[in-house]
Amino acid sequence: MLGNSRIRTDLALEATESFAERETELRGVEIQEDYNEEKDIRTTIVKITTENGAKAMGRPQGNYITIEAPDLSASDEDYHREISEEIAKHLQRLINLDRETSVLVVGLGNQGITADSLGPLVIDNLRMTRHIIREYGLKSSGKEILHRVSGIIPGVMAQTGMETSEIIQGVTAETKPDVVIAVDALAARSVRRLNRTVQITDTGIHPGSGVGNHRNGLTEENLQVKVIGIGVPTVVDAATIVHDSMAHLLDTLEEQEQKEFLEEMISPNLYSMFVTPKDVDETVKYLSFTISEGLNMAFS
Amino acid sequence: MLGNSRIRTDLALEATESFAERETELRGVEIQEDYNEEKDIRTTIVKITTENGAKAMGRPQGNYITIEAPDLSASDEDYHREISEEIAKHLQRLINLDRETSVLVVGLGNQGITADSLGPLVIDNLRMTRHIIREYGLKSSGKEILHRVSGIIPGVMAQTGMETSEIIQGVTAETKPDVVIAVDALAARSVRRLNRTVQITDTGIHPGSGVGNHRNGLTEENLQVKVIGIGVPTVVDAATIVHDSMAHLLDTLEEQEQKEFLEEMISPNLYSMFVTPKDVDETVKYLSFTISEGLNMAFS
Amino acid sequence: MLGNSRIRTDLALEATESFAERETELRGVEIQEDYNEEKDIRTTIVKITTENGAKAMGRPQGNYITIEAPDLSASDEDYHREISEEIAKHLQRLINLDRETSVLVVGLGNQGITADSLGPLVIDNLRMTRHIIREYGLKSSGKEILHRVSGIIPGVMAQTGMETSEIIQGVTAETKPDVVIAVDALAARSVRRLNRTVQITDTGIHPGSGVGNHRNGLTEENLQVKVIGIGVPTVVDAATIVHDSMAHLLDTLEEQEQKEFLEEMISPNLYSMFVTPKDVDETVKYLSFTISEGLNMAFS
Amino acid sequence: MLGNSRIRTDLALEATESFAERETELRGVEIQEDYNEEKDIRTTIVKITTENGAKAMGRPQGNYITIEAPDLSASDEDYHREISEEIAKHLQRLINLDRETSVLVVGLGNQGITADSLGPLVIDNLRMTRHIIREYGLKSSGKEILHRVSGIIPGVMAQTGMETSEIIQGVTAETKPDVVIAVDALAARSVRRLNRTVQITDTGIHPGSGVGNHRNGLTEENLQVKVIGIGVPTVVDAATIVHDSMAHLLDTLEEQEQKEFLEEMISPNLYSMFVTPKDVDETVKYLSFTISEGLNMAFS
């Protein structure tokens, strides 16, 4: 859900990078990288294991998996299948799927704003199975474990008059899934990451951690079930781009000068602006297919 | 929600007509008509007041208000405003709006099927106020009573894997509205009624009473709050049309002949067919504006 | 293009059937059938070879190829590929593709009416090559002959203020294609044919031969190039269904009785009604993919 | 039509500003300003009257009318009506409407890209009259002059395989309008202008003058009729924003340093990025209504 925040990033990976630049090693933060050269897919797992690590990173303890694939927004079906498999693999690790599991997938964001429609589009392409298993009384066998998949597009507060968390709390209390997976469009700090990065985390969607104004978040704390977040950066705030482009240059100025300069340069207009790829309408569709295929693979 | 039912009608008015034809008077059923000649708007209120009346009509006790307006599907803004006002007036009678009321409007149906998208379109045009009143702590004054309006498009079971009633029960339990208003596309028995009739009832949406397969319905019984249903017939089942066209002719045949004839004539294919106006895409949009305007007027 | 006509059919095959029923053999009309049992695809080629045959059939001389496939509206990708190949095969026979050919594909119909949006959807999925071949000066080689594909969605007269034939005449005169292929949604006489029949003809789109009001048609005569028509029936006029259902029954009545009966029974309302499958929004999408794939295969 | 150009502006007004900053007066360029304080609408008319003026401005001779209205993207119907009237007034001045005139309106751009869909949306809302006047043989009377309005959405080259100019030349040659009006989404240099500026010019759409790759343009020269261009800036190239934000700062650097700095700072990625308002989907709809209303007012 893409909201009204100021300059920020939703990607844990980008947060670690600022430490990497300063060549600091962080206690309580483990980073593990895996690069598949043939497919050109880089997977980075950031584990925040202590309270201190969480503070340093500005993020709750948990696992943050980032899959980077340069051609994620290209229209190559085979390539997308690889990413879908990578997504499925990590979901299967984060969720224990050895026993029958009921999964509620939540497509966050505003369908009426292209860059924010990723979550809803994923739900459109998801294979729902919960109602079929219930209707026909299907049972898992030794060979195949049947997982019940359901999904919802809750809309955003301006469309519904309700907090997204209220809707999801209600539906969760009523349908009692074992795990909630929330899919969301994110804001990145760098244009380089747009539409080529998928972040999976088992820490839920945190209040203010996304670009949107999820004031209550979707977390294990408020839903009483495990919450997996899947996010893809589809925009950069326009002000961020200007800010970052000037960062090096600003280093040469005194602090007061810097402040004056920024106030003058970054016009208030910029804060209501997104930077998106020219072909965002098309890439958001490809990305949503890749993610829903990953989910379909993981649960069937 | 337009489902897979056989020949049927969702309109109480059409049910009374079959009695009217036989010149029967029904105990436990009061009918009151009002015709505004200038505007050519006919309003019929059917009150089912006893158990017997309910049985005879095949519908639960309660009020069924039918507004018929020949040009409802024309693109005349002023005319639509009259209908919106008529809708608002009846809603205000059915719901006690002298005190602050919280209303959850539910847009039933499938957005991907034009004739079934009426409910979702109404939500798109509704002015939500619940979140604003909560955020700014707005209070009603002597002059103006503030009603909290929220709305949701729950989708249909094939899209979500959940019963619509599960979703609405969850959201109702969490957000505690005083009344739920469910808007739905209906099937009519007669082509004459398509897109020119609005039915408002305080008996909720009953399992199997619509065309859809709401197996659990949206009723005061399962939601624990009053449920108002608003429906507009947008289709006729194709088999119904053939059936009704032949009805008079069939009267001349023996019963056995009738049966054989119908079995032969009404091909099984017809049961998966809708009859819709050629301009259904456009008329559904107009109708949804008229209804959402009626709701906007009623609550502000 | 689905217009305002009265009871009729756009399918040559349905016209031959009425003769078949009467066991008449028609001079000047050759019928050749081919049934692929494994794939359950039936192909019928009707050749109208004389002026008399044309009169009897109510259609101009030429080839009418009808591909019938019961599961054409199912979502089975492999099955659709077979139909696409069948379409490609017949196009390659009707058009001489041994030399470089420039093809203009015209997507007839109204994008805003689901049942009429087949033609525009086909253009959306077509691989255009004309501009690439021109830009890079690509040349055919011994191995591969390069055909230049272009396409246009002209809209309908109410949207443009122009006859479709005026637009296509203008574009044809300017871009000089060797052949025009016009894709259109048709009206069938029988519900059985809906969304399971593809008709390909080399006689163009004739004034009044479709459901639409193409008053001028798209023919070799007015475009000065060969015109192939591809049509899929997506609707039946509601009046047709009633008419046909009653036909047998009517045989028992005197002519005057018949007339009175029909006048009474088929309400004028019915003439502005379509009968469509409940899932028409989805099937039109599948069908358009199948046809655009057939075109893509034929020309590359 | 929003294409692949580098840093640039489509607005004549922005070109004059760079001169204004340097306090240069330009021969062959007349500027006339009009400010409606009550409505807060500023209209600037730039007339390029000589070959020299054209060279200095980098634009052909002719009239460039720019209407600036801060709340153009707000959803205030009355306010939009004022802008529509202002647009209508200037169109009536540029086109001689004292006699029956046939107008072809062309909606340039790609319907599949939100920021580029302004032109097509305008056509969707335009009242076409040409076919009605022709069909009913309507005649102008002393009181009312009937203008024939037609419109077309030609699509972009990647969708059609044809140059837009080829399509419009063909349609113009066939339907012989007296004037062509081409509506297009533009790129602005400054975020300030996005969705609050309408530019009307009688010089047509020039090759490379827009952001799109109209290699042949739509001009009186190639269409043989007068061409009016109406444009609204809906995007800024992302690289432009960074470039402009840094401009002042760069003044302090040596030229060589500037070059190195820019090469380093403006990443190649930025050149495929747009900056758009977060609510671009909604504002493009409002803007298209305002413009089509302006056209409707001008011609009826």
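Residue numbering begins at 1 within each chain, and the chains themselves are lettered A, B, C and D in the order written.
The rule we apply is simple: a contact is a pair of C-beta atoms (placed from the backbone, for glycine too) under 8 Å apart; a residue touches a chain by one contact, two chains touch by 3 or more.
Source: prediction; values computed, not measured.
Looking at subunit A and subunit D, no chain is in contact with each of them.
Shared contact partners of subunit C and subunit D are absent; no chain touches both.
Of all chains, the one whose CA centroid is most distant from that of subunit A is C.
Note on chain placement: the centre of subunit A and the centre of subunit B lie 39 Å apart, centres being C-alpha means.
Between the Cα centres of subunit B and subunit C there is a gap of 38 Å. Here the CA centre of subunit A is 46 Å from the CA centre of subunit C.
Looking at subunit D, no residue sits in touch with two or more other chains.
Touching subunit A in their complex are the following residues of subunit D: 2, 4, 112-114, 191-192, 194, 238, 241-242, 245-246, 248-249, 261, 264-267, 269-270, 272-282.
On subunit D, the positions that touch subunit C within their shared complex are 123-124, 128-132, 148-155, 157-163, 166-167, 169-175.
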